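Chain naming follows the written order as A, B, C and D, and within any one chain the residues start at number 1.
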Amino acid sequence: MILVLKLNQTEEAVHEVEGHVRELGYEPHTLWGEVRTVIACIGDETKHASLEALVNLPQVVEVLPIQKKYKLISKEVHAEPMPVTVEDVRFSAETFHMIAGPCAVESLEQTVATAHAVKKAGATLLRGGAYKPRTSPYDFQGLGEEGLEILAEARRQTGLPVVTELVSERDVEKVAGVADVIQIGARNALNYALLTEAAQSGKAILLKRGLSATLQEWLLAAEYIAKQGNPRILLCERGIRTYETATRNTLDLSAVAVVKQETGLPVIVDPSHAAGRSDLVAPLARAGVAVGADGLIVEVHPDPEHALSDQAQQLTFSVFGDLMAELAPYVSLGGRSGFRT
Amino acid sequence: MILVLKLNQTEEAVHEVEGHVRELGYEPHTLWGEVRTVIACIGDETKHASLEALVNLPQVVEVLPIQKKYKLISKEVHAEPMPVTVEDVRFSAETFHMIAGPCAVESLEQTVATAHAVKKAGATLLRGGAYKPRTSPYDFQGLGEEGLEILAEARRQTGLPVVTELVSERDVEKVAGVADVIQIGARNALNYALLTEAAQSGKAILLKRGLSATLQEWLLAAEYIAKQGNPRILLCERGIRTYETATRNTLDLSAVAVVKQETGLPVIVDPSHAAGRSDLVAPLARAGVAVGADGLIVEVHPDPEHALSDQAQQLTFSVFGDLMAELAPYVSLGGRSGFRT
Amino acid sequence: MILVLKLNQTEEAVHEVEGHVRELGYEPHTLWGEVRTVIACIGDETKHASLEALVNLPQVVEVLPIQKKYKLISKEVHAEPMPVTVEDVRFSAETFHMIAGPCAVESLEQTVATAHAVKKAGATLLRGGAYKPRTSPYDFQGLGEEGLEILAEARRQTGLPVVTELVSERDVEKVAGVADVIQIGARNALNYALLTEAAQSGKAILLKRGLSATLQEWLLAAEYIAKQGNPRILLCERGIRTYETATRNTLDLSAVAVVKQETGLPVIVDPSHAAGRSDLVAPLARAGVAVGADGLIVEVHPDPEHALSDQAQQLTFSVFGDLMAELAPYVSLGGRSGFRT
Amino acid sequence: MILVLKLNQTEEAVHEVEGHVRELGYEPHTLWGEVRTVIACIGDETKHASLEALVNLPQVVEVLPIQKKYKLISKEVHAEPMPVTVEDVRFSAETFHMIAGPCAVESLEQTVATAHAVKKAGATLLRGGAYKPRTSPYDFQGLGEEGLEILAEARRQTGLPVVTELVSERDVEKVAGVADVIQIGARNALNYALLTEAAQSGKAILLKRGLSATLQEWLLAAEYIAKQGNPRILLCERGIRTYETATRNTLDLSAVAVVKQETGLPVIVDPSHAAGRSDLVAPLARAGVAVGADGLIVEVHPDPEHALSDQAQQLTFSVFGDLMAELAPYVSLGGRSGFRT
């Protein structure tokens, strides 16, 4: 950490700060600048107490943290890519995959029909929620176990691996029994107990960015998963909360580019939740491909108008087919395989 | 819901929209305005499907929701106040209480000493985390069960009811065995599985506002608790995430005023987490009292510099004592009892 | 406007609200819903007083505005596209143009060299600031009139039309004397006096979105320009202010897609200011093309490390050349002409 | 500045970075940490080029700025308070003043009546806009010069000094001819040309915080004013733009406390614009007093329902009188004089 001192400190005042630094287990290196004095504190921040309290010393203006705290998923620490394989699908910098399916599993018919349709259009994984976290307790909360059985049947019929959300530690075993990829949603993105149990299942994890998670928080949430010995993590950017209300969320594609510098993990873009409106899914999907994402996750429903959730953003089969055709050349430009339409 | 139509629609085009509205279970009332036509859709939104999908019709500009979805905690539905009693402490519009204690339970000595100190200064509940959700998996995560035992001992010695955080459904029984008030932290504020189990314990719940939760989301999270038959909810404003980084969070005191119009539940202000710096706790605490909060929750530690978490924001015993003395006349101005120093 | 009433209103109470509505010049249409009553108020909001004050009536929960207030630039009002021609450069849905050049004009040599380099790489307009609005009064504020002369010389030598920023009403004549496109920067994006004078110059205007402007505010700022009889407006998305600090701003590409539905005006993307780092310019530029923007504006400098402003985000000539080559196939995919490398 | 390097750098790689630092005019001090190496760069940042470009070197993770760039208004540089006197009104840490009046000057009668009413209730300055910056070009833009004359008449009749907004450099002379305090609104808060001309008038300046201005940006905007030799600056917190839409803006009272540590300038709170609703003005005003502001600015209108702007947030005379009575004991608690009711 770096302590930034107030202007015009006496030597004595600086020595007093140095004393605090030493006492907390760090070696202070004081740099008397032309304008301002700073103290660089040498020591492993992961082994000693934080120096943050020193911001309250009268001599100190600011305490600047230096070390990043994610290691297992850090490209800086481990330069190699960290591709994730799910059955015969490989997410990596050389491939591109579409995950598609309904927001919620509503019935066997709806889910199986959607699975067939998205497979036919070129999707390689099926998404669908059996457990739905809803803002209102009076909204449809998903079919639960029945939904999981339906997803299993859809997989049997289509061969598509299944991505489905986990919302409670109580359901880990059940969800892991069906899911090929366990999704952690935006609301639970900093629910470390859930992340830990999901990780322990050994299943691949699709980790959505929290509603207002910083990149640091998002990557540290991934580190919680990796720390359980499970490096099969798909990061998913789905829009963040900002002041702008014209879209449901603000898709942060810069984040995709930054995160890919920080970690070798694959990054997926979710244009459906970002936009909240079906007519914006195609442009945002194209942009997600172009920015360098490793895959997309898109909501598709046989009849969005009568869906039980996310009515405004789910695509019909036909629109989804058009989207796949539209995306293909963008994927080719990136020199990636695995995407077929 | 209100459907706002695009300009210059033909009668036929409008009838087509009305058809969709009827088909989804609502009665359309079309109002041909001087400039723009809108269709008000009559029907109970909690019983029928959403009309949100209609935003994708070519005739529609916008779909405006009308009904609020919280009922049990709504002042509009139930005009009466909803005071919360914890042992002999009553949170209400006529009283004011200080909840104080360390960020984390670190040892028996630290916790008991703090409990005695805050009680002496006038606090009427003890806070302290046995389970700590931390952004980094490498940071101190709390003492767990040992921490709960320490809290129990602190209560035995001081008689102060205990507020402590729950971070996992697996711990509900253990935490409820010690806690008088179960705290749900900002990161889990939209973790509905956890809210539901916490509520079922029958304990009072201190529900922090999520990092970027809207007032609607916050109140609907409270509704999840109330829906379990547990109306003993303390709402806690602790700062929201904004672009400003000078403070850890931005304390949203307007929210306190708005929420108190919407619900009869008590509202607590947490100046410690909002500020992230001990020197800002006093002014924000005074402002919290003045805006009309029903209590405060403040972090206090025997030696903040050596604390295992939140080093920069915890108050020493002496500073906390001064704070209580400073707050007393502000509490008196509000005509509230229960606050003593 | 729509007035949303509190639950359980008596007829008398509703009539009282209707009285207020009538008295303010609107015709109330009361809809007694199953759950909640709303009053739709018919009347031209641009001709009568606002009904917003009625939110303070005890019967009223909320006042929902309906009408959009931009007309001249609205696709809803005028369905035709509004292409902008600058010399022989045409911004439209069928073309794509790159605007490039230094952040600030620093010297004749630097500017002319950059103009030649970006032209050679395929840019069709030159950017460069003679007047620089800087956060600190102690930072380089631009060369002023000398900078304008340098820009004029660069145009003479390369034939590239010039885009340059206006920061003061006092400089309109001077800037308009040189600029082919007058840029209004993010800090002045809601400075209506400046917008008005810039518009009156008759020059095309590149209107950046304000730091935290909503799409409504941005489009209404454009309407200020159009209202002066000047429809030659290039909207420019350059990133918005959010809680995320990993990038200088958060590029809001959803906004590009939404704005293109709302208006026929061309939309330009500025990846340089959005990212604040040169290594992110390429992915964001690709995404900007893919989302459907009509052009890009990118900062290029002969020696970014020694630049007098925006050191971290300006591209070298060589990197800019690579960027143009990389973008070309993405532009082709969109079926647009005018982009050459 | 501090350069944070990537892990595991060779000596040679570090020396290369040091070379860049020296070449840009700074002295590098390299600190080989246990985990990570940083280079502290000694030199006056206000005299040399920025080191920000170095973030693009392959060895560098991050460039941390150290020095603050405001000086003239900095408490760190000049420890003394900077009270502002306007006629016989003194804004300082020992006093408290209420500025009140209509949003916009609409007529002689409306303005004079309001001036008398707010004076009677205890306000010591009159506010009122003759030039109104409005989001829509079709909304009432103020009476202009006629409005200024009305304000002059109101001052003649009541003796209250006048606070009125300046929105164009073209109007400086006219506005300064009437105003005792020139207001710079939130939209023009980073319009440095306007700030500079307003400052040169020698009038006191009430500087509102920009819609999404950081505290640094706000204070640097004040520094622009002070740099013209005009230290008579009243900072005004009026709410910032956040994701929350329940209030028009989010009043950031933490900012008041932080800013008062950074500068000796008085800080005023504007609860009217923060809330956007008259029923929230009183609690936010109380909180503003309690947090330590040096004054308030509140909108008052004889008949808010028929006002030409800000209908929802202006107080009636009677409500304003009640507010003053309610605030008086809070002001007394702060030990401040100058507030009378």
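Methods note: a residue touches a chain if its C-beta (ideal position, glycine included) is under 8 Å from a C-beta of that chain, and two chains touch if they have at least 3 such contacts.
From a predicted model like this one, the values you see are computed outputs, not experimental measurements.
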Partner chains that chain C and chain D have in common: A, B
Chain pair, B-D or B-C, that carries the greater number of C-beta contacts: B-D
Taking each chain's C-alpha mean as its centre, the one farthest from chain A: D
Chain centre separation in whole Å, for chain D relative to chain B (CA means): 30
Rounded Å distance, chain B centre to chain C centre (Cα mean): 38
Chain A, residues touching no fewer than two other chains: 46, 212, 216, 241-243, 245, 279
Contact footprint of chain B on chain C as seen in their complex: 2, 4, 6-7, 29, 31-36, 38, 40, 42-46, 61, 64, 66-68, 76-77, 212, 241-243, 245
Residue ranges of chain B touching chain D (in the complex, touch as defined): 212, 214-216, 239-240, 242-247, 250-258, 261, 274-275, 279-280, 283-284, 286-292, 329-330, 333
Sites on chain C touched by chain D in the complex: 20, 24, 46, 49-56, 63, 69-70, 133-139, 167-170, 187-188, 190-194, 210-212, 216-217, 220, 223-224, 227, 241, 277-279, 304-308, 311-312
